Every structure is written in structure tokens, then in C-alpha cells.
Amino acid sequence: MDHMISENGETSAEGSICGYDSLHQLLSANLKPELYQEVNRLLLGRNCGRSLEQIVLPESAKALSSKHDFDLQAASFSADKEQMRNPRVVRVGLIQNSIALPTTAPFSDQTRGIFDKLKPIIDAAGVAGVNILCLQEAWTMPFAFCTRERRWCEFAEPVDGESTKFLQELAKKYNMVIVSPILERDIDHGEVLWNTAVIIGNNGNIIGKHRKNHIPRVGDFNESTYYMEGDTGHPVFETVFGKIAVNICYGRHHPLNWLAFGLNGAEIVFNPSATVGELSEPMWPIEARNAAIANSYFVGSINRVGTEVFPNPFTSGDGKPQHNDFGHFYGSSHFSAPDASCTPSLSRYKDGLLISDMDLNLCRQYKDKWGFRMTARYEVYADLLAKYIKPDFKPQVVSDPLLHKNST
Amino acid sequence: MDHMISENGETSAEGSICGYDSLHQLLSANLKPELYQEVNRLLLGRNCGRSLEQIVLPESAKALSSKHDFDLQAASFSADKEQMRNPRVVRVGLIQNSIALPTTAPFSDQTRGIFDKLKPIIDAAGVAGVNILCLQEAWTMPFAFCTRERRWCEFAEPVDGESTKFLQELAKKYNMVIVSPILERDIDHGEVLWNTAVIIGNNGNIIGKHRKNHIPRVGDFNESTYYMEGDTGHPVFETVFGKIAVNICYGRHHPLNWLAFGLNGAEIVFNPSATVGELSEPMWPIEARNAAIANSYFVGSINRVGTEVFPNPFTSGDGKPQHNDFGHFYGSSHFSAPDASCTPSLSRYKDGLLISDMDLNLCRQYKDKWGFRMTARYEVYADLLAKYIKPDFKPQVVSDPLLHKNST
Amino acid sequence: MDHMISENGETSAEGSICGYDSLHQLLSANLKPELYQEVNRLLLGRNCGRSLEQIVLPESAKALSSKHDFDLQAASFSADKEQMRNPRVVRVGLIQNSIALPTTAPFSDQTRGIFDKLKPIIDAAGVAGVNILCLQEAWTMPFAFCTRERRWCEFAEPVDGESTKFLQELAKKYNMVIVSPILERDIDHGEVLWNTAVIIGNNGNIIGKHRKNHIPRVGDFNESTYYMEGDTGHPVFETVFGKIAVNICYGRHHPLNWLAFGLNGAEIVFNPSATVGELSEPMWPIEARNAAIANSYFVGSINRVGTEVFPNPFTSGDGKPQHNDFGHFYGSSHFSAPDASCTPSLSRYKDGLLISDMDLNLCRQYKDKWGFRMTARYEVYADLLAKYIKPDFKPQVVSDPLLHKNST
Amino acid sequence: MDHMISENGETSAEGSICGYDSLHQLLSANLKPELYQEVNRLLLGRNCGRSLEQIVLPESAKALSSKHDFDLQAASFSADKEQMRNPRVVRVGLIQNSIALPTTAPFSDQTRGIFDKLKPIIDAAGVAGVNILCLQEAWTMPFAFCTRERRWCEFAEPVDGESTKFLQELAKKYNMVIVSPILERDIDHGEVLWNTAVIIGNNGNIIGKHRKNHIPRVGDFNESTYYMEGDTGHPVFETVFGKIAVNICYGRHHPLNWLAFGLNGAEIVFNPSATVGELSEPMWPIEARNAAIANSYFVGSINRVGTEVFPNPFTSGDGKPQHNDFGHFYGSSHFSAPDASCTPSLSRYKDGLLISDMDLNLCRQYKDKWGFRMTARYEVYADLLAKYIKPDFKPQVVSDPLLHKNST
């Protein structure tokens, strides 16, 4: 989750894009249909030659969405028909949300407030038949690492803590796998903190966990103040609905991280994040989609929404005076597919549930079609990296022999 | 160079986007200024907080552009002022072009025709003070690999062949480094063919060469019929203007390939390509920009333009009948920067010269700012890849113990 | 598997040679005995000074052959009597067959149909006491790589897949080692495809596997579209009956490939292939026999039979229009021995089982007799190859100093 | 040159095949035309889709042939028309001959007698416009190495000795490159003997020499008694007519030897030999043709003719009593081309001159077409050979783990 406070202030007060929920809404509202259709192809790609089909969700889900005012969108990715395998369509959900109470409220109220806010959204996912649901990074708390204050550590909990118990009920109720990224307190290892995604099975059991591999120390993202690089490798969790993995936030800037989940067989990789700012926003629709293309798997990108104001002002290491807020988390959660198609994004400022049906057969179809795995030459890169990590690594540089003749 | 013939037919006959040269022209012509300004930020990012500044080119360059009817654009990337280093601004050029004569013309005429077509464009780059110029993949010939016919091998030449001699004169004349991607005939190694970029120094000397690392075998891109994976590793060429490397075409789908040029210290990586088709077009603005972001260097992406019709029809392995053309090469060449900003793209169907001033200091600034190199944990991935290439590699999979209890 | 569609049309409709099953049948039917006897010496060589002895097979085997209409031949290679070693006679079998159903049938039916067709032929080998049996390349499927369509990838299976399970039963039943060349799907390595020979032990266990080392990209043989060069080196499998290896199809054009299996100690090298066409047919009796001579081991060459017609037409890169069939696979499977003797070939168009008894002692006898290993000077060639693979390799050329005086 | 005395005596007293000059004459005389045409395709291949065209030689050449009773044949290999290169047709000649006088005659007479015998045959080549002519191995002397007697060493001469002077005149006269394989006495290096081919340029100058790389010690071929393995590597001689090399006799059994001349760029490789015997004869049409196919160059195979009787009887290491002759040298010289086509062979027992026109462009066309050089993976074999020559080399053997359970 990376952030540059926008120099010339936010686009508009409440985080919309000139009043529109998302770039796609802005474009579709302001371009003639035949123009939008072509722009849509260039920006969102094609799935099986067509733009993504919308999914009609049950009324009960829609009702919850309007009653609790959260954005609800659903689109589906299909794959070619195969002879030897039936379609393996799985329904996947992403929830983005703002915090429920001001950061000055008692911590337990804040967390309880977030539980209450998420309950109806998770219900909507449940009634809509979502099989695998992923929440946003550190969903139980405000993204307080900008303060570098230690008190926020109290939001940390063990893997089988309160938030997991809350979700285990819902997992069992809806026969739903839930990915729950939290701040973990590791009781047995010196009570050290980790940024951890807990994987809850559709029977409510804890399948396992993955700790964030790459930790930012960028501007307001002082996460290295709180936790170290994860020690769980790149696990892929085999659930009844398919093989999933979690690339947490800042990990999305690391192609090797995406690659590793693919090498271990992931079919869907979630990227729960918390990112703000004018500069990082143009990167948001690139990195996840690139990973889906390069590694031939689906990616679910989630970003929290809203502006979180903290009691004590803090500075951002950019030479500017102290300030109290983290800037606007621009949501825009979306799904990317191996064939370079992707859904329009959720709202830039509202809570939201994005649902997608995805035929997991598309992964292997695109591994065969593009041949990126086949032509990867991993042995060449295994050899390069083995050399690179040595102190005496010499870069492969070919210097112009006449370099010093008449250099400017 | 990856291609899917568009299922529902080309956008419009001569390759424009609903009559516009590029997506950016379409949006800027059809959106109110304040909307376009925000869309522009989201799609093209910001450089030092602002959208890219246009460069005013000398009249002589503009005259050549209008006389020879090629698209001419120029924008500059700046970096923060530093105390210990002066700005290292280098002027870089990309040329995209269609072939000059029908593919039925005698081969030597076809190549000569392309030389004549490129001369004024290279002159324009020269008079505009371009320091480093890159041409498109296999620029001396039609992209005939779709046919799998062997006769096109006659376009191959040694590294110091006719095309290199043609460019050496211009390199000396304009004190310009020129990257020349050709089909190489390796005289000393069994006359085997390679897809090779020749690096010509600003004194007209041959600095070295790089052979395409990843070879496609996708639909009409039967390049594995003609040449094997390159054997030159990931060289970075130290020129008087900066450290450059060349990631040829299909290599852009391989994050490890981009990574390796970065590990060897590249500041600008060119991606000369030849790619067509509706499905691959949505990937074109993603992969190069992702590489620039992830590896903190500049990327120059070039794609040829036009539709090339071949005498003998060929099939594409997509179950469809034989056809004579490769589909529309959609140009859209562009530059990407480490800060996620990028230039608008050149025309989707015209020849063109894209010029950009880039302060190479931006690379290190963004290595420090985002910390992607610092937090990369290369040793983790060196270890993973070393294991992965072994036959007995076991993916790191955590299976839900209750998987077989009541799977739906 | 290399192919040139015959320019002047097939020899006769159903693939015979002017009505005869094989060249040898044609010659023996049309030449007076004493002429044929001398022609036979020149074309098939001598084993221990005599032409090969026929083996009398059990009636049950012959009954299966006539009932299921497959060609059944058997000849034996003997060796000189030795003092210190007993004869090591092993009975080896080769099966060539056409596909069972049209390529438009459901894939699972096509594979099941081939299982059913092969069962009685394998039984015949079993009751005839065959110790080691080899099937043809990609025996479970039509040789569909000419189409470059991805759907045929569905025929791929893991090493321990359905076809291996089918053969493991028969291996155990008949105490027979079975070499099973299939299209492998490598589950643990990104589901990438390989052209792989599975080695099943006489106890039904999987001893190991070897992946095709050299991949063709010639005319209709677009195998580089589907899989890369093998990564298993040149393994020799030590079975209870002797040391065997597998040089798959296109590998037979590479003397270094044959050499490597010999250096690793192979006594019998199988060459399961799929090759068609007038031009490649003259090569078929040369390359395998040359390998047996040069490396002093036995070679078993297998080629499929019949003409396979595919639903969607495809072009062959030879400038000719699209067509639906691969041309006639001309069978002609045969055994070659280290003493340059070789069996007559199986039918050019019928399914067939070729059995041969071979005294493996002949290998060492010919290593001693011809001294090819002793006089090989491997160090000279190790040095040459080490230099050749370097970019700066300079060929050893002695130019006529007067070359430029009065060259014509 | 390798030999096994035929156990059951020669086919017919004077060396014919049942009275016919060659296998091809026997077949064409005894098979109906349409059968012979198909047998001819299978045994001699096709060049550009057709059987080889005969060349009409000048009457003067034919007159010499009938006057001096030597077999005279001529056929031509064409190549596809190319755009960027003109055809490079070179006329090449091979001379096979028996010795002139009994081996009991004075040595100088024997050599003089061979000069006199060859003069008219070389003249025939000259008037027929032969550009490059190759003589047989140790053409100046009887192949006396079977005796292991030292007196025959007197036939040895320095590179610029009498035989070279004799040929230099003819080379100049006919503007003809001549390859002269002799027994060399190395004056400057202890007068040591070598089996050496002298390369005489079309201006009569000595371009260079190549010494036999692999030396037989097989039965009557006791050449290791007289000379060591050559120390001149694998030179390719660049003459005005093309790049040639010489693989002397026993070298033809070593694929690495053939390979090395190809790696150094040879377009035509001559194989001057001296070989007898029933067993080696079946190998004669295989090894040279295999080399032409595998290395995509032309091969000219020459074998002497006749039976040479020596004064003192000698034994052959085969347990049989002493005998006075070397057995019948079966001539059968022939040309092989990269496309697997080859000429019918010269007579099995007469002196002869075989002429062939060959378009050297065919070499590169077949390198591109079959791709054997491209797909060779030389680095894999450089690595294997580097390991193989080490004392601690371990063959890559995969043993059946159940090997010792119930081995027969």
C-alpha cells in the first residue's frame, strides 16, 4: 500500500472522479456508445472475444446493497469449452470499505463498528452464492502505520482471534472460503507482529495463513516500523473451490512475488491493499493486470476507501509540514483475468462488493495459448539470481570501446 | 509480436480508432477539458506532479514530418533536482513504420524501399538532436514469420551487413547511438538465424548485439520456426548517453526478462515489437509500463504499423480458414517512466517518430523512493527458482484438511 | 517426424509401395533368388556372416495377428560366443499403428479406441515372450501438431495418467518393460507440455521418463508450438533386461543425440517417430542404422502408419494451399544392429508388431572390433564444441592465398 | 578404410554384383520401370522433387573413358532459385582406380604406373570442366598397411613431393583444385609418417593439408602401425570454387569428425577411402549420406577398386591362416547431398570418374529447411563431452529400483 500525498490536493472533496464513481463510469457517461465500446476494448480487453457479461444478482443481495449503501457490481469471465474437463466456474467476491468510526473512538468500538459494517456486505455475498470472499488489508483497523505510534498495535490479534471467530460463523453459514487480512500478534513467537492473511475454509476451519512478503517504508507507509518481511514463503491454499493465494498490498510491485504464487499453482491471487494518492493511482490498474497476464491466473485487487484522520499530526518524509490524515484511499477494486480482460472498477469512494464468476479453466487455456510458462527459461534466471545475490556479482555490461573518445 | 485476429473485424479500415490516431486523441477530442485532465492523470500518470511537458522541436524536423507524412510527437520526463549529481537529460527517439513495398516486390527493393522511407525520419531525429534512436523489430523486412516459408530467410544479414552500414553513416553524422533490430544470419555458427538488435555507437562503431531471449509460437507468430531462444544473456550497453538494453517483442511478456536488464543496470530498455490484433492491444499499454515501474527504469516501446499481405495464404492455428494478411500492426509506440508516467502513444496507423527528453536521475530517485530493489528479497527467489527447475519440485500447497469432507 | 508432402502425389492410394507392403517385399518378389540374396546383403548387411534368422513365434501370437490384421515379423541378431560372458539374448518388440477413430470423434473415445486397438497387439507381444516393448511417438493421440490448434493439448496427461495405468497392468501381466511415448502435462511445473517417453518396469512400476531433446519446426511439424526442448538430458534406463534409452523422433537427425545415449551406456536405443512424405522416406533407413553402427548399440525405429485427416485445414509453409491431412505416415519400423545388419521393415501402411531377439553381447564385441569408441578422440571434440558455443568462435578456415588473383 | 575378409568368398571373381557394375545397375536391369522408379526414390532420394538429372559430358571426355576403359558417370544436384544469391554451381570429380602394376614391381615404377593410369582420367575431368577433383586415399601406392612391413614406407613423400608436382601441372592446366591424399613423410618433424590430403589450388599452389584424424587398427587395417592420429584439427579450405574439407577413410565412422568440418563451414566434404569386404559394404552407402543429411553439406565418397596381392603372406587377427591379398576394394564411389539425395555409385570393380554439378546454395537452404544446426543445442553436448573426458565421469543411468526383486 503506497502513497504520495497529492501536491495540488485531492481531485474533489469526497474522492469521486469529477463526480463519477469510477473512470469507467465517467467515460461511459461522456463518450458516444461506439466510441466508448472501442475505448472499453482498449482499456478493459476482451474475454472470449466479447466484453465481460454482467451477472444478475439475487434481489436480496441488491436490497442489502441499497439499504447499506454499498456499491455492488458483478461481471463474469468465461473460458472456451473443453472436451476432457467440465467448466470450473467459481464465484469470487471482494469487499472494499472505509472504517466505521473516527480513529479517536475506543479501539474495540472501532473494530466492532467495522464488523457491523461488513456483516450486511458479507451477507450480500453469501446470498449471492459467493464461494470465495476476500477482505481488504488490515480490515479490522484504520491504516494507522502512518503515525508510527505504538498504541495502534493493540488492534493486533492472534490468527484465531476475534475477527477470525466472527468470520468463521459466516464462512460456515454461507459455505464460503474467506480470506481475512489482519494485523497478527504471534503469541508463541515473542508476541511479534505480522501483516497476515488468514485463510478460513468453507467449513469455518482455519486452513492456514500467509504473511506479507514485501514491507514498504515509503512516505506515510512506515510498515517496517511494525512488522518484518513474512516468513511463510509463497503458499497456495487448495480450497474446495480452487487454488488461491494472497499477495498482500506492496507485494504487487514485485513481479517475482506474483511469479512465485504462479509457480506454486495458484489459480486466483488476491491483492488486498490500502493505497492512496495521485501518483500511485495510475499504477493501480497496471500491476495486477500485468501479473494476471504474465502468470496466466486471475487476480482480485482490493483497496480500502475513504480518508482516515488521526489524532496526532505526523510528517511524511517529503519535506512538507505535519498533517492528520493519510489522504484518500481510492478503492477502485477490480478483477483481472489471464486473457488481459478485466472488470470495471468499484467506486473510488464508496464501500463496495465486487462479484465475479470465473471459469478457472481459462488459466490453463492461456498457459497453452500464450506459452509464457513454456518459454520462460527459468533455468536462465535461476542462474542469474544465484549470481546476483553474491557480493562479487558483476553486471553484464558491454561498454562502447570509444566511450571516452568524444563523450559529451 | 503476439496476435489474435480480431473476431469481430478491425476497428476501421485504415487502422485508426474510430477515425482518431490514438486513444489519447479520441479522449482529448471527446471529453471536456477538466474531465480529460483527470482521465489523463489516471491513464498517463504524473511526472514530478505534473503531466508531461511538450518539447518544441526545430522547424527542420517538423518540415520533414509533414513532407514525408509521419507522426511526430515529443514530451519530456524531468526528475527532482539533486545536490551531488547534475541532471542527466538524454534525448531518445523511437521510429515506427510500415513496410515500403508490397511483399511481392523483389527482396532487395523491399529493403531499399524501407531504407529510403526511414532516411528522412532518422534525419528528423538527427536534426532534433536525438542522442539514442531505436528502430522497430526486424525493421528491414515484412514480418513474414506468419507464413513459415523459408524464402524470407533471405532478408537475414550478418551483424555488419547492409542495414548496419546504412545506419553507421547516420550514427556518425548525427552523433547518435542507434539500436537496429534485424534478422541476423550468424555466418560463423552454421549460418543459423537469430532475432538480433545491433547496437551502433555514436561514432558509428558496432558496440555489440543482443539476441531475443523469448521466442513466440502463438497463432501467426511462428518465430520458433526460424530462430531459437537467444544466447547473449541480458547485456546492458554502456553508451556515452547512458546505459541501454533491448527487450525484443515477446520478451515483454516475461517479467524475469525485464528484471534481468534492471539487475544489470539498464537505465533505458527498448522494446522493439511487431504486434497486431484486438486481444493483444489491451496488453500493450500494461506490460512495458509495469516493467518501468517494477524495475525503476525508462522503457521505449515500439510497434510497427500497417497491414502486411503475403502472396501465399496461411492458417493461424485458430481453426479459421487460410488468409493472406497478418492483421493490422497497431503502432501506438510510447515511452514509460519509473514514476508510472508515460507519453501519449504515437498513431495507431501512421509512420511516426516519438522523441522524449528523459533525466536518467529519475531512475535512482525512484529506486530510493519506492524501495523496490531494497525490499526485493532476491535470495528468496533465487532459492525458489533453483528448486523449481528441478524435476522433483513440489509446489508449496496448503490443502484444506476438510477438503474431501463435504466438497460441493 | 519430418515431412514433405510428395510433389508428384502418393505412390498408391493406400500407402503401399506399388502394391507391396515394403521395399524388401517388392525386391524379393521381383528379383531372382541369387540376385535378391546379394541385394539383400548390400541393403540389410550380414549378422555373424549370415542374413538374419527368422524366429518362429507361438501360434497364439500369429492367431492374434491374423484376427486383428496386423503385420507380424520376427528376426534375430546373434553374437559371437564368448568365454567369460553368457549370451544376453533379450526379446524386443516394436508396435506401429494407425489411429483408431477419425480425429473428429470425442477425444476420450479416440484414446480409448487406440487402447482397444493396441491391446491384442500387446497381448501378442506378451504371449511371444517379448521382454521390452516400445510404442510409437505420442501413441495415445492423432499427430495433431500440424494444425497448431491448442485444443489438442487436452490429449496431454501426467506421467502417471490413464495411458500409463493401462500399460502398467500389461507390463506386470507379461513381465515386460514398456516404453510409452506420450504428450505429457507437467502438473507441478505450470502445467507445461512435454513430448515424453515413460519407462514402465516389468513389475509395472514407473522407472522414469525422458523428454524429447530436439524439437522440429519444419513444415507441418510445428512441435515447437507445443513444447520446448527436453530438460532430462540423455538418461539410460537400467532394466532387468538391459540398458535402454529413447531418442524421440526428430532427435534421430542429431548425431550428438545418438552419441550421448551411447556415452551413457545404452545397449538398445528406441526411436519412436511419426514421419511422412516422399523426401524424408529416403532418410528413414539411413539415420538409425548409422547411429547403431557409429555407437555400437541396437536401435529400434518405429513410425506410425496411415493418413490422419483433421477437421480444420492448415497450411504447411511451403507456399501451397491449405489442406486437411498430414500425408501418409509410412510405418516401415525396423531394428538395426551394431554390425550394420538390420531387419526388413514392417509394412508401409498396416499396423504391425516387429519382434527381434538380440544378443546384447554384440555391442561390446563391435566396440572392440571397430574401435570407434577407442579412436574417438572425445577430448578434441570437447575442446572444439567448448569453443564453438562462444560468440567469438572463428571457424578453422585455410584460404587459398591466391583466391583473389584470378578467381573465375 | 576397414575390411573383413568375406567368410564365404567373394560374390564373383572379378568384383561385380552378379555381373552388374553396381547395385543400381542390377536393380534397373531387373525391375519393371515403375517399380524401379519407386525403388530409386527410396534408395537414392529426390533432389528438388525429382531424381537426379544426368549431365551430358563433352565427347573428348567420353572418348578418354572408352579408350582407357574407365567408368564415367555424371549427375547434377540443383537447388531452389533464390532472390539475393545467384546459383553457385560447382563441378566436382571423384577418381577411383586400381593400382597399375603388381606390388612386386619396383616402387618408383608402381608410382609412375599409377601417374600414367590417372593422367587420362584427370584429363577427362579437365576437359569436362571439373573445378574440384579428389583422388582416393594413398592413391600413389598399393594399400600395403595390411602387411605391417616397414619397406612400404618408401612410398611416403613430403607434401611438395613428386606426386604433388605431377598434379600441380594439371591443376594449373585445367584451372582445377585437386585434393591429393598421400602417405606423407614429415621431413622437419623427425621424418615421421602421416596419412595426409594435400590441397592443390587452381593456380597449382599448395593451399594446405589435412592429416587423417582417426586411425584404424581393425583386422588388415593396421594403419596405427605406420602413423598417428592427425594433428591438423578440422580445417576447411576456402578455394575459389567453394569451401571444401577432407574426412579421410576411417574418419567416416565418426559422426563428430563429420560434424567438426560442418561447424567450420565446409560445403563439400570428400571421403577418400580404401575399404573392402562383405561386412563393411552395407555401411558404405549409409555413413556418408547420413553425414550429408545431418550436417547439410555435400559429400564425395571415393573407394579404390581391385584386389591387391602382396609378396609375403600375412594374417588378419581373425584366427584364419595367412593370405596374400587384401580382399576386393569395392569402389562404388558416389556423391551425397544435404537433401538426402545421392548419385548411383560408380562401378564396383572398374576405374572410374564420377562428375557432379552441385549448387552449393542447397546447403544453406537445407540448414534453414530442416533446422538441424538451429536445434542442435551444442552447449548441452559441449557440457556432456567436457564431463565425459574426466576420469570421474558417471554415466546418466536411471536404475529400476525393483531391479533386484525378480530379475530373470
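Read from first to last, the chains carry the letters A, B, C and D; within each, the first residue is number 1.
Just so it is clear, a residue touches a chain if its C-beta (ideal position, glycine included) is under 8 Å from a C-beta of that chain, and two chains touch if they have at least 3 such contacts.
Remember, it's a predicted structure, so these values are computed and weren't measured experimentally.
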item	value
Per Cα centroids, the chain farthest from subunit C	A
Selected interface, B-C versus B-D, where C-beta contact pairs are more numerous	B-C
Subunit A-subunit D separation of Cα centroids, rounded to whole Å	71
Centre-of-Cα separation between subunit D and subunit B, whole angstrom	52
Subunit B and subunit C: spacing of chain centres that average the CA atoms, whole Å	43
In subunit A, residues with contacts to at least two other chains	263, 265, 369, 371, 375-376, 379
Topology of the chain contact graph, where touching chains are joined (line, ring, star, complete, other)	other
Touch relationships between chains, expressed as pairs	A-B, A-C, B-C, B-D, C-D
Of all residues in subunit C, those that touch subunit D in their complex	2, 7-8, 11, 17-18, 23, 26-27, 30-32, 34-35, 38-39, 41-46, 49, 199, 201-203, 205, 207-208, 213-218, 229, 233-241, 243, 250, 253-256, 258-260, 263-265, 278-283, 285-287, 289-290, 293-294, 339-341, 369-372, 375-382, 384-386, 388-389, 395-403, 405-408
Partner subunit D, residues of subunit B touching it in the complex	106-108, 150-151, 153-154, 188-193, 225, 227-228, 231
Residues of subunit B touching subunit C in the complex	147-150, 188-189, 217, 219, 222, 224-226, 231-232, 311-322, 388-389, 391, 393-395
Footprint of subunit C on subunit A - complex, ascending	80, 82-85, 262-263, 265, 364-365, 367-369, 371, 373-376, 379
